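Next come two complexes built around chain A: one with chain B, the other with chain C.
== the complex of A and B ==
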């Protein structure tokens, strides 16, 4: 028996089988490593390219990094690049959208997960999924054709002049619609995951179903709900095509007036590229770095906020 | 008693608020659909799918002494006007810019219009170029009975009836004609989108599936695996415009090696394949997880090695998940715009090829919406197509999830 086995182990067939196994394993391993390397490649290359304009000896004239970060004017024609006000605009539009969308999304999630009868809940779930599957460029067309008209009419009613409706308000409304399905679907998942016993406990203490829903279920599901808010905010900051269609192209700022045109980091990166050389090209990568940092910091701060709310309860 | 009533009232109020906020989302969704369909529905027809985007103007000469008599076909409708002298029929047509045009809808097989040749100076001068159905008549130059040439057609603000009437009553022969093909079609973008889907999947599927296999089959408890998982997961949070920047910077040199100069479909596909990786890896992994461990044990104990087990036992069982990943990816590719604007370009190309820049359907929307006069009709019509495809993909995913899920 033992000699049979060792004979087989020394045979050509067995060896080629082992070799084949090793070959496939290394291919699988390689592709897994490649996939996980992508994020590193993205970050490293964009960092290197984006920091170039601020390093001494830059061929198109070194820029001051500090002036870039806090600058309040962005004019390609004059070569002045300051993204300080653009960051503020991005934060305002993103958090504004979250402010509109978050309560609506959480209430809808509660309705779908707890309050609505089965049929209605299924229908509403489909509505949310449909909203989530609409591509951003379609949202952009919708916003450019209807939200801007609405804002323009609203402005005319209040006798405020708008630039054809392209405005901070239009951007906020658009983003609110776009992040709504993200927040809602995460909130639904986390509300459904709230354990039954604590709801029963609340009911047994004499609370009504509605009181239980609002005071027990929502607070227990807060972790998932805030995760949805983070995802939604990330989407709001990173959304490019749709926002560029309604933002206008403000050259200085920041914009606090709801009816004034604005400019976000993504619309700055996306619009007006003419050549793929020169500082105007490189500075978009710098704006890309700032965008990623903005997303990162706002994620961290929402996480902090979540923990605050947790400790009070 | 009073307190109880108050409480019930409060509860009803709160429930009403949740109902209202759900209602808002329904209203928004219907508004979007109403907007897109009301603006774009009229543009949708079969020719629109096969037409070029750019219309071509042609100046053509007709052979001498071309008048004769042709029989009118019996199946022409009331709004179509027929020229029995030259054997063709036209109708009124409103183009996208809301300008009324005259469209040729029928040409007799022996009509002189089929013997036209190009009159514009250049390499194509004198080449035979028959006038086709669906072209727009700009101008016909005809000779009257005293030998003076006149013009007829939409260029002198005639409609179809006046145009045919002029030709029938006044003309002796047609000297030359100035016709235009109908533009505004999406054929180029449609082909480019198909190429993009094909290429992106061709690149992303093998890498994604193999990565999922490694993570799930070989290294599910490895020390590096959590790192690999979370770095792939991080990709989902990266805004697509960053992918566009990355493609322009990192992947462009690779396509340049293949011979592309500037933006190209290849560059777009390479960029999108990175965007798709997390989706494909996640859905493949999900379905690999559902394959029970005793399948693997049975195969291994029969003497199959790891790779044989994977290819012959595990992967076939994971096909529904992979299919889900493919469908989700196609939906994502069709909707993607920001990552493609810098990598595929925004020039609408009627003759797309892999190494040249062209627009996908979504980017064509971006292109026609830019500029001074955004073309809402065309943008909304393309939106309808995109929405239809994306919804179909989502429904298919649900269907697969429900019906192909095996119970072991």
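== the complex of A and C ==
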């Protein structure tokens, strides 16, 4: 037996198999390395470019980092770059969208995964997936053409004048629609993954189906649902094209009035990017750093929130 | 249940369709629309209406992302005012193009110089014998001829929003006979251009069209109108920054002696139009002072203008 094995191990066939394995292993390693290198390259590049305006000796005049971070005015024409209010605006519009979208998405997911008859559930899931695949510029065109009109008319009914509907409310509604499929899809997957046993246990203890759905299914699926919320929020913060079509790009802030125009970090980075040079170009990388930090912090805080919801029960 | 559904349906219908259209007087706050600070149109427009550092743009202005976006936003806002190029203003029926200081914004008025919200795009070449070689001189002159006098060249300029005089429509095939070099391979030559940044898009399009027809390469280094003269005939004409053709998005000044160049003159005129929503009942004409006051935030409501 042993000799058979060692014979095989010395055979050409075995050696070529080992070589093949090694070859593929190194290919996988290389691609993993390459993709992780990308992240490092991007972060380093943005850090270097974005911190440049705040380092002494910057060719277009060094900026004060603190003033940049807490500034309440952003005017290229006067050379004033403050993103403090833009961060607040970004947070308001992102979390506002999440506030509208999250309950709707979770309830839809519960309906599709647990309540709806199979055919209806399949059809609705397809609809959600379709929504997720619509490109953001199409959402933008839709928002600029119809959400703004709705907001404008709503404003007119309340006798509030809006800038043709471009407003914080329009941004929130647009983002709510855009992040809805992301949250719903993830919530559906995680609700479907809840083991039948614990549902049966709950029902056997005398809980109604609704009680079971809310108190057992949703709490067991919370990890996936919150992952969806985090992804959705990431999309809301990161969406640039569609948002800049309805935001109105206010020069100062922050904006708390739903019917007033606003300015988000992404729309600030995008607007006029292709036609500009000098500090106005470099400062967009600084805004990019701020955006990455904002997303990081909000993801961490949602994770904290998730852990707290679990442990209270 | 049915009742509440009906109420929701009615509400949505009202929101979507809005109030019934009727002749409403324009009133309330003026929504001031502007291009973002990197726009050349904005720079030119603000120069015309003297929105400068001492009297800056009102902080409540709404920034739009492009000339087309400007048209969309102002046509959706009865209280809006903005500025764009003549082509876009004319193409959109829900925009009203205002006359400026009493002169209607039309191509005729732009070309005869009465419409003042316009600026010429001028060019000047180096003087005879100062090119790197006589062949280079011929190639550059061929391009200038293409840009200023050929059907193809003028079409390219028009497509970038420039307004050109009628009658400059000799086919390039006829014009190119004057330049014997073009019959051979000229892909080793490079035309260098410089000067105004506003001319960027139309000059680039023209150079690309010229390259497609002849194979001549180009190098653009546009830094501002004052460099147009300086780098062809002025102080920098022999420096490393020297160019073959210089551009200025304004009339050449008296001290810029462009007559020394082989060719000088305007290849098109760029016009800006102040637009309001077609439903606007207050304005049909814009004066420099009025627009200055609106854009600096002195005039805030339509009611102030209606008086």
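Criterion: the second predicted complex is superposed on the first by the 278 of 313 C-alpha atoms of A that agree within 3 Å, B and C clash if a C-alpha of one lies under 4 Å from a C-alpha of the other, contacts with A are read in each partner's own complex, and residues count from 1 in each chain.
Convention: a contact is a pair of C-beta atoms (placed from the backbone, for glycine too) under 8 Å apart; a residue touches a chain by one contact, two chains touch by 3 or more.
This structure is a prediction, so every number in the text was calculated from the model and none was measured.
After alignment on the shared chain A, the placement of chain B and chain C results in a clash. Partner contacting the larger number of chain A residues, of chain B and chain C: B.
Once the two complexes are overlaid on the shared chain, A:19 sits clear of chain B and of chain C alike. Contacts of A:245 after superposition on the shared chain: both chain B and chain C are touched.
Contact with chain C, but none with chain B, is seen for A:78 once the two complexes are overlaid on the shared chain. Residue contacts after overlaying the shared chain place A:9 against neither chain B nor chain C.
Once the two complexes are laid over each other on the shared chain, residue contacts for A:200 go to neither chain B nor chain C. By the touch criterion stated above, A:149 is placed in contact with chain C alone, chain B being left untouched.
In the overlay built on the shared chain, the residue A:272 is in contact with chain C alone; chain B does not reach it. With both structures placed on the common chain, the touch criterion links A:27 to chain B but leaves chain C unconnected.
By the touch criterion stated above, A:166 is placed in contact with chain C alone, chain B being left untouched.
The superposed model shows chain C running into chain B at a single listed stretch; among 6-14, 24-32, 60-68 or 96-104 it is 60-68. Touching of chain A by both chain B and chain C, each in its own complex, is seen for residues 144, 146, 245, 270, 276. Across the interface of their complex, chain C is touched by residues 73, 75-78, 144, 146, 148-150, 152-154, 156-157, 161, 163-166, 244-245, 248-252, 261, 270-272, 275-276, 280 of chain A. In the complex of the two chains, the chain C residues touching chain A come out as 14-16, 18-19, 28-29, 31, 36-40, 53, 56-57, 59-65, 69, 72-74, 76-77, 79-80.
Contact residues on chain B toward chain A in their complex (touch as defined above): 7-8, 10-11, 14-15, 17-22, 24-26, 28-29, 31-32, 35-36, 39, 206-208, 210-211, 213-215, 217-219, 227-228, 231-232, 234-235, 237-243, 245-246, 248-250, 274, 277, 281, 305-308, 310, 331, 334-338, 341-342, 362-363, 365-366, 369, 374, 376, 379-380, 383, 386-387, 390-391, 394. Listed in rising order, the residues of chain A touching chain B in the complex are 17-18, 20-21, 23-25, 27-29, 31-42, 45-46, 49, 103-105, 107-108, 110-112, 115-116, 124, 127-131, 133-142, 144-146, 177, 180, 184, 208-211, 213-214, 231, 234, 237-241, 245, 266, 269-270, 273, 276, 284-285, 288, 291-292, 295.
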